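What follows is a set of structures for review.
First chain A sits with chain B, and in the next complex the same chain sits with chain C.
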Partner chain A sequence: MSDNRRAILSLAGALVLLHLVLALFGLWRDWAWPAIGVSFILLVLVCERLGRMVPARWRATYERALALGFPLLVLILWQLGARFGLINPLWFPPPSEIARALWEVSVNYDRFSGTSLLGRPWLIPSAWAEGGLPAVGALLSESHLLATVGRVLAGFLLGAIPGILVGVVMGVNQTVRLMLDTSLSAIYVLPKIAIFPIVMLMFANPFGEGPKIVVVALAVFILMAINAMAGVRQIDPVYLMAGRNYGAGPWQLLRHVILPGALPVIFAGLRIALGTAMIVIISVEFLRAKQGVGYMTYYYWEVLVPEKMYAGLVVVMAMGVAFTALLYWLQRRLMPWRR
Partner chain B sequence: MLTNLIRTATLAAALALPTLAPAQGVAPLDPPQSVKVAYVPIMKFATMYVAEQRGIFDKYGLDVELERVKSGTEAIAFLTQSTIDVGGIAIVTSLWSGWNKGLDIRVIAPGALEPMENSPTKLLVRAAVADQIKSAADLKGRRIAVAGGPGSGGEYLASKGLARGNLTIRDVELMNVANPDMAMAVENGSVDAALVGSPFADQILNAGTGKVLESDLTPGLMTVAFVGSGKFINERPEAAERFVLALTEAARMMQGDDYLAPENIEAYLTFTNSTEDAIRKGSPVIYDPAMQIPVEGLADMEKVHRENGRTEYTDPLDLSKAVDTTFTKKAVATLGN
Partner chain C sequence: MDDTVATPWKIRAQSVGKVYDTAAGPFTAVEDFDLTVGDGEFVAIVGPSGCGKSTVLRMVAGLEDVSSGRIEIARGSDPGKPTNSVVFQEYAIFPWKTVIENVAFGLQMRGISRAERLDVARHWLDRVGLAKFAEYYPHQISGGMKQRVSIVRALANDPEVLLMDEPLGALDAQTRVVLQEELLRIWEETRKTVLYITHSLEEAVLLGDRVVLMSAQPGRILDIYQIDLPRPRSFETTNLPAFADYRARIWDKLSAEVTRAMEMQP
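What follows is the complex of A and B.
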């Protein structure tokens, strides 16, 4: 038997033994959390040894199994923890309960607030038949998800495009950089939710979509300006000199040297900005909206239906994953040399 | 001179007696017991602030720790986890949901009650549209600012105000606006009406930007309460008894002019974010010396929230297990009527 195999058996045995001993002496419930902590360490050691034994051709499968298997294990433990009273299922509802709540909020329409999570897309054909595009629009306008997605995308585009432009200008022009850098750094650290009331004051309809989109755009703008500037400034001057030596004008330099050179940092910034946009809009919706995933999540907390609050959090996480995947796709399209 | 001094000292001792001596038949807990309380820092829990600040909890052997929380739901979460013993919380939908889920938490003492008249909470209408909105019925389709989101106490009061014009919250657009932002929302025309509490209502009225449309929406209603965890009530009834007794004593030290006694004001300022000016100018609420828990009002709040679609259940809730009057009755029996 190889060393790895022996180590795996010993570690797995220790893991089982630990729980058996605790259970035999009636100590498992009191010591469950430390035991789970130790079990995690033992599991990591087992997987380490297992990884050494995996042949190269199975390596990718092994890594995928590890990446998906561990969250799955956590969900199973969570389910069992709630089932056996290790955690309070009211405040930490088991995954099965959250899945049921997610299904409920997805398929049900709240006639009191006139909202639903998805906007009941299965009714689109009948709405189209009855009233055409306006009826479909009215149907989808009830969606919490679309309200949040719309705000994030609008704010993201409104902030990212000018942010990148300003950042690039700051990167290439010292005067602009000196004028704006300090101010942007100062505004960057402001919690955007704190300035939301001020943004509201700037609009004729303070409760409309304008302030919500603008506060997201502001957060994205500042982040992107700082990132784009850093992206431009990290370009090796040799490339700029080479471009000039080959007779490139300012626009050609921008198009063929500066933008491609800064793109990796800009995309890293876009990813962070997207996360920030999500955080900002969810916080704003928590307190200042009547629709949106953030509103829905906080609403179910306030009326004490925790499983539906968790369902809202799951939707937020799914949105984060979807947006990030979209950005990766865009990155591959715009930066083919990085594939 | 000496006689005067003795008389003054005797009078002072007599006045101080209610604070220093425990009520008859109720010995202080020895050793003192810790009672953890989470509360929303508003004036409606002032009996607790006075009991703490003026040493009434101490004299009954209670070591009370007061922790601020943002909302009642937070306090309910801590109560059910037994990380706190008592919650000073507003009566909101989360309580109904909690009781419907079978949570063992019970109202053990009332917070402040709405006054029978001149309530500090008013439904104001924007002065510029006051000639168009003369009654609650005229609010149909209008935008109304309310502090507190769906299922809150604010929404309940708005429902009661609208009911006077045979309207429901579905007939208007309710906006969740924080109390300090109300004056601005009314002034810049973002809303046509606002349900505002003290001192913000006075602020709007004094500025002339709003007029009273409806007031005294729920006379005598209990909008906040002291809620004990089942564990606290069942396992340490002696501490719960003394806690409510101390609140009752404090309520009796806040009646009439005593409400603004310097020691009481110090207590209010220590435990809330209010200012002395606001406290002096604001219309006082009722701190019932008889500590009665108005269950009928609770039932009405539950009904309104349920009918507004804020609860997951649809049948009326049995509130008999939600209220425990044992301790208030004992306190009144001990202190006398």
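What follows is the complex of A and C.
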């Protein structure tokens, strides 16, 4: 107990002392990065000892504090580092700048391209009063965020549903599996963005929404077919025997045994497919789009406004988090037996 | 060897054989299997592991085709009754269904209304003391409870014959004894025709009206023993001198078979 306390005090003291001594000799600026590395190690050691002193009932709180506190500390240091010229603000604009840029891109309307990040939702009441639903639609259609969300959702559904169907058929039927597995595995390793030009060729309007949604759908399709197949194949055969023995016909077997049995793997696949869908849509928007969060991010790189580029990345992350939360919610609804 | 039954027969297997087509060539798992199980009879099959007991059971259940011979299950007066229900060693209750949904599964597959099948399931859960776990999922209950659920799933289905494949094999010794007594009690009440596979000789003698001893590779019937212990039986039955006699008599042959089976293993 007191041993722990003494160790924490001496480690924390060493941490402070290190920086004071470096500052005193005017070496701090040159030695900042090694000092930060050593500080991190000392901090880990301090927190380890701190963790040992935490009683069991505060354990969860302590773990949450550590999990959220450290990123917060990094943000603060990042802010200070950028302010005092330790890190190049062109690469790493300080968090306060990014937050301000995020606010700006959220409230601003770009007259030149006719776009805004959110579609200016605060104008909805007046638009509704003037032009009703079409006016509101026109307002929202200027949104980068909604454009990307729409493409991801459409592509995801368009890929996931047929993908799961094909995967389940492959899992159940060996002949279909043998015929398709090789091709699917081959297409799986192909970066989907490489197919984008071909997909564009297939559409009357290569620059419209069609090709963008289809590449996302294709990527999700392949992944979900492979996952659903694996999900069906890992079902313990004894469940299939039990299903048949208790009188289930083919469709009942599918509904009561095969689908629920494969669901855990299917959901794991959906989470991976979501990440892939985000990669694909952002790359597509980098490449060829006049709207979307990816387009916006790339645009601010081209005009060299890094803090707004970062604002775009923050939006991408927020989207990913929101979609993942949605999937978890769906998973809890569809798989109540998993807690 | 005694394969005559007084009552009308319920299961009849005539010179049944099973040859698996394996990568290493044909493999004879079961050969010349002849057995008649009477209506309301409890027949236990013992034999060294890998001798083909599960194969026999799966063939009787219709989950696997016979390679030769034939197996019949006599139907009763009610054509709606399922011919057989299996209790699997690995429980095989569905993790994604609640306890009560599992028990009602067979009835659901036969299109019986939700209210009615849940009524039947609740009745059976009550009989094995699981009523308050009706809404639990299998991962929330113990192994002994899971196997109880698996057993009442079969009973709620009310089949012509009950097929059990080492149902207590995965349980600890104490739980096993408790469930053996429970099985005896339920069987006493229902008098179902049961084909019961076990690797425990004690269990076979305690539960069975007859004990079928199988040989290893290929699985054949070595001998059939009539067990004339008084019913109703319970754990006390294992203390009877007659019980020890039966056990000793069958063990002689079984141990020789187990040794032979082990020596045959590569």
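Definition applied: the second predicted complex is superposed on the first by the 338 of 339 C-alpha atoms of A that agree within 3 Å, B and C clash if a C-alpha of one lies under 4 Å from a C-alpha of the other, contacts with A are read in each partner's own complex, and residues count from 1 in each chain.
Operating definition for what follows: contacts are C-beta pairs under 8 Å (C-beta built on N, C-alpha and C of every residue); 3 or more make two chains touch, one makes a residue touch a chain.
Remember, it's a predicted structure, so these values are computed and weren't measured experimentally.
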Partner chain in contact with A:190 - chain B first, chain C second, else both or neither: neither
Chain B versus chain C as contact partner of A:304, first or second or both or neither: first
Touching partner for A:201 - first (chain B), second (chain C), both, neither: first
Contacts of A:16 with chain B and chain C, given as first, second, both or neither: neither
Partner chain in contact with A:236 - chain B first, chain C second, else both or neither: second
Partner chain(s) touched by A:330 [first = chain B, second = chain C, both, neither]: neither
Touched partner set for A:74, first chain B, second chain C, both or neither: neither
Interface residues, chain C side, partner chain A - complex: 58, 61-63, 82, 84-86, 88, 90, 92-98, 105-106, 109-110, 137-139, 153, 157
Partner chain C, residues of chain A touching it in the complex: 236, 238-239, 241-242, 244-249, 252, 256-257, 260-261, 263, 335-337
Interface residues, chain B side, partner chain A - complex: 71, 73, 76-77, 80-81, 92-95, 97-98, 101, 103, 143, 149-152, 170, 175-176, 181, 184-185, 188, 190, 308-312
Residue ranges of chain A in contact with chain B within the complex: 88, 90-91, 110-113, 197, 201, 205-207, 287-288, 290, 298-299, 301-305
